[in-house]
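See below for the structure under consideration.
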């Protein structure tokens, strides 16, 4: 979606707000393979970020790491930045300091879900199996509580996802079906960017939104839309 | 954002839910000029649609016209359809009958606005000048009432927009500034696709979202995202 | 509730937004039998409407058919019009073009439910059994999400209702009891006007709201209330 | 709307939750003149109620007086009871102890307003002139916050209404026009039953809902609808 | 939290809005034992209040009794008043007539719960076992619907609580665990002040809020905060 | 409100999430003077925090600084921690890592406001004068949007507050009066902890909530309430 005149590709910076070599991150290969023509992706993990973003305190440190990095790269010519974590750490803050599009994986996935159905359910990973039909802080903060059906945890820790792929997929499918039958969902959002590669292997009769890919596509779209944003320092 | 292998462009159908040669429609040239590489746009007006979509009854006829046309084109290889009207006539219905992405201009603009700020105001055209800080039916139906700041009408009828461009822009800027100062908006949504060409000439210190362009970009994004949707007949 | 002076009855037009002789419509006899003294009902099905209103695309065509017919009858002396379908197709549009009360069956039933309890559940017909505790588009659009408990589908297609009356009633009663025990409902709304005759045979220890009858009564009430409405063409 | 067989009229009890001979009450003549054929109204003021219902403490005493009286009349053959005060004192409690329809003037007016437009404003009387676009406790409690535009006080005390009729009407019209132009209202609700007689003299180009009359009509409707309600003692 | 200068204790009046010697009331000993240094509690039951507050009609009479008593004690030097009932009868009215802090047990418990987690469930007593995930009137009226997870009734009548302590605790723990696993609660609110003594014996891995104690603590806090409130008569 | 047995005071840590000697912080003297008997306050500024917390990026760094410090002090015997900034940086994260009460100044002030009236307005400092009647992110995230009247900025930068005290107070009073008359507020929340000393000098005929003092009182209350919270590491 770059402008028609052939020129250098638009560069997108994907920030994994986790430490380098963390098992929870999405590999650079994924993004490079998925980038649309005219866009180029650089991936970075952040040395001062936590190993994974599972708890609110991880979120706070991840947010600070993101904001710090965003400040540093402000003048390096990126056209957009993806915060590659479902919890969107540092999203509003990053937007405040730089005028280019800043895209969060959770926000992107939820917005795209709203074009795919009337009510979304989030299928989440983590050690505990749970169900919740009352909106999360993120959903309240986004102001889309009326479209939220439920969040359901499959009870598989992030770091075990790769070792237990088949089981994870089965659990996601099962919880998604319950979300449809009992919570009224007609679109499913995967609640963790670590599920990026797995998303395509989930076969369901309704849309399944992949947060990492959603964030990349929203970044590409906002670049090509040239929406002027208000930032303090730009 | 098409897939990397070079092949035929992805075709997008833009439906203007107004009669051919209506003054309120956006010209095909606009969309053709704005389409991203890899995408091709065809524009159609609809003979059984109303002359403009200003009132709820226009909306009902426009919706039926859209749905009828969408059914006919189901097998013609379009990859996405844009309903080029801020009121999104026939959006849910069209989605129900065909599995490709169906994109409404109003919905697209409002969703994009939500990534550009905390609270949006809609600046609308039409014969009456008004202000309203309580959500419209469309906003309630989308379930984003908590992010809505206001809707303000500039008091210029759609059919007079072209004759009174300078005046229209001045009015939009004035109402947008009031929306910021008194209603708390930090992002502005233009409330009519007929303002498409005009959008770029509005200079404000905050994002101004163009619904026609937003719809095109969202269509391109959803095509490249390959989100499977559930439709009855596909 | 007509005015005290004896004169000609107030005529109400009931529009079944389905094709003539469709199995899903409520017979004219039902309405004629139920009309209050001083009111007279005429029933019409609409040749350009769909066979039934089950999907959003049906809704779009039904809405257009309703609006078209409402425009035609504008000067025939009806005092109110009932749109006899739970999804209220064309309701806002019809209101816009004619100043007499326009009454939707779904809207009427939901409003009456709100005087009968704190939280309503909708028991719906259709091929699929489901439960959903997040508001439907109609409920969001009406702005009454905080009073909504759930919608539950009994899994009986509309066209099989008459052949399977006993089974249908049993299913409605069962789902209503679950709605009370698990969703917190204290008033039940039947989600389809085709259930009109059946409503009286449902025995539950809480109010069961019949949408077709509700619409008739609300129409009678609004006539006798003489509420001036704003319409474009009157 | 009584049943078709000619028999004795349905009796409705109108409770003015204020002391007998209070200036703030609506006279019995009003209700008798407005009752529909087949319905008969009895009016009562309550000796243990306050002189007027302006403050929350008045509301508490009015509620207790209403509930006490409703308990006493439970077996006297009334078919419905109207609580003739905009604040609906004792509404839920009265509903709990008797199975016949209990109708509040405020609730009735607000519900009827929702069929007359998209957003309502309440024009209130009382000593202070004010404007408020955030929902009142009553509106929050009814769960219709998304349809609320504003409440505006005209600054005329209840007990001066009769002495200053012309001035009151002028003020109501002025505030209603501001509610339309600045708050987005398209339907006006009068916020006090003491305005009952005055309502017909207000000329505006949009619906103006009279709470006392609305309550009477809703009572008549609910009687003719024969909705079974759940009450503890019946 | 009294002021630093040593002087007479701040006196708090706890109103049990039930008849003296009712089994449903919390004993004076409880409050006296729990009062913080510098605060002194006096407890009163109300002769004109109902035996228990279980139904809306009880609530109306309790509210009137509370308001009457609050008026009488206005000049007796209390620094705050606790309405010791989860349903907060007379709360707004009492606040209107006297400027000292008026504290309701339900309101206090729900507000404190909001600092202990993201989503609260209320565990209620009463004859019927039930579950409800749609907000109660009290929760709607408080305007905190987005934080409400569910209300669950354990099916033990108030008057049997003391006779069946072990069973009651077991039931509360069981329902609380379901509220966590299925409704997404991370904080539990006990829905009746009669559970005050029992609260400490409930062992759960998340906060359990005791309404009677919460009300006492909020009263102490508001006294020490010296928040000026607006009251009509003070 | 400490327990009755005389022992060592309960220690509260007040974290000013700004750099030492920043002009925007509340002095330790304020808190020491205001602490209730039985409580002892220690104040700390944070070297890795920003100079002031005015923008979202400040908030992110402040949050990380708070969380870092909270982790370090986990075992030093504090009974509660106050985050002394209206924006509550790090609140949820701090709660996640330590089981003692964590109190935010903004959250505390808003909750206390809800006991003082029906609708609150926030009067904020900062360089820009503005008015906004649509909820802020913080208010949405707290889930209390239905009680929010407005936020109004007085147009005085934080760092100029002390130099322009009289002017600041005049501006606050003026905006508060507009909030009452035009936005419907009946309780005022000061939107910055730097206004702590100033709060007592504001004379208005309605409650004015001081966030710094509110946070201290809520901390004292939660200590004396002994609410068990769930934390990961304790």
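For reference, chains read A, B, C, D, E and F in written order, and residue numbers begin at 1 within each chain.
Definition applied: a residue touches a chain if its C-beta (ideal position, glycine included) is under 8 Å from a C-beta of that chain, and two chains touch if they have at least 3 such contacts.
Keep in mind that what you see is a predicted model, and the values were worked out from it rather than measured.
Enquirer: With residue numbering as the guide, point to the option in A-F, A-C or C-D that repeats C-E in over half of the contact pairs.
Expert: Checked against C-E: the matching pair is A-C.
Enquirer: Starting from the Cα centroid of subunit E, hunt down the chain whose centroid lies farthest away.
Expert: B
Enquirer: Return the chain pair with more inter-chain C-beta contacts, choosing between A-F and A-B.
Expert: Between A-B and A-F, contacts are more numerous in A-B.
Enquirer: Can you check how far apart subunit D and subunit F are, centre to centre, with Cα atoms defining each centre and the answer in Å?
Expert: Here the centre of subunit F sits 42 Å away from the centre of subunit D.
Enquirer: Between subunit D and subunit E, tell me the centre distance in angstrom, where each centre is the average of that chain's C-alpha atoms.
Expert: The mean C-alpha positions of subunit D and subunit E differ by 32 Å.
Enquirer: Using the touch rule from the top of the page, what residues of subunit F touch 2 or more other chains?
Expert: Only 133, 137, 140, 143, 145-147 qualify.
Enquirer: Please give all chain pairs that are in touch with each other.
Expert: A-B, A-C, A-E, A-F, B-C, B-D, B-F, C-D, C-E, D-E, D-F, E-F
Enquirer: In the complex formed with subunit D, which residues of subunit B make contact?
Expert: Touch residues, subunit B against subunit D: 129-137, 140, 145, 151.
Enquirer: Mind pulling up the subunit D residues that touch subunit B in the complex?
Expert: 118-119, 133, 146-150, 180-185
Enquirer: Show which residues of subunit E lie in contact with subunit D when the two form their complex.
Expert: 55-57, 59-61, 63-64, 66-68, 71, 90, 92-97, 137, 140-141, 143, 232
Enquirer: In the complex of these two chains, what residues of subunit F are touching subunit E?
Expert: 1-2, 4, 36-39, 101, 103, 107, 111-112, 114-117, 142-147, 186, 205-209, 213-214, 217-218, 220-222, 224-225, 227-230
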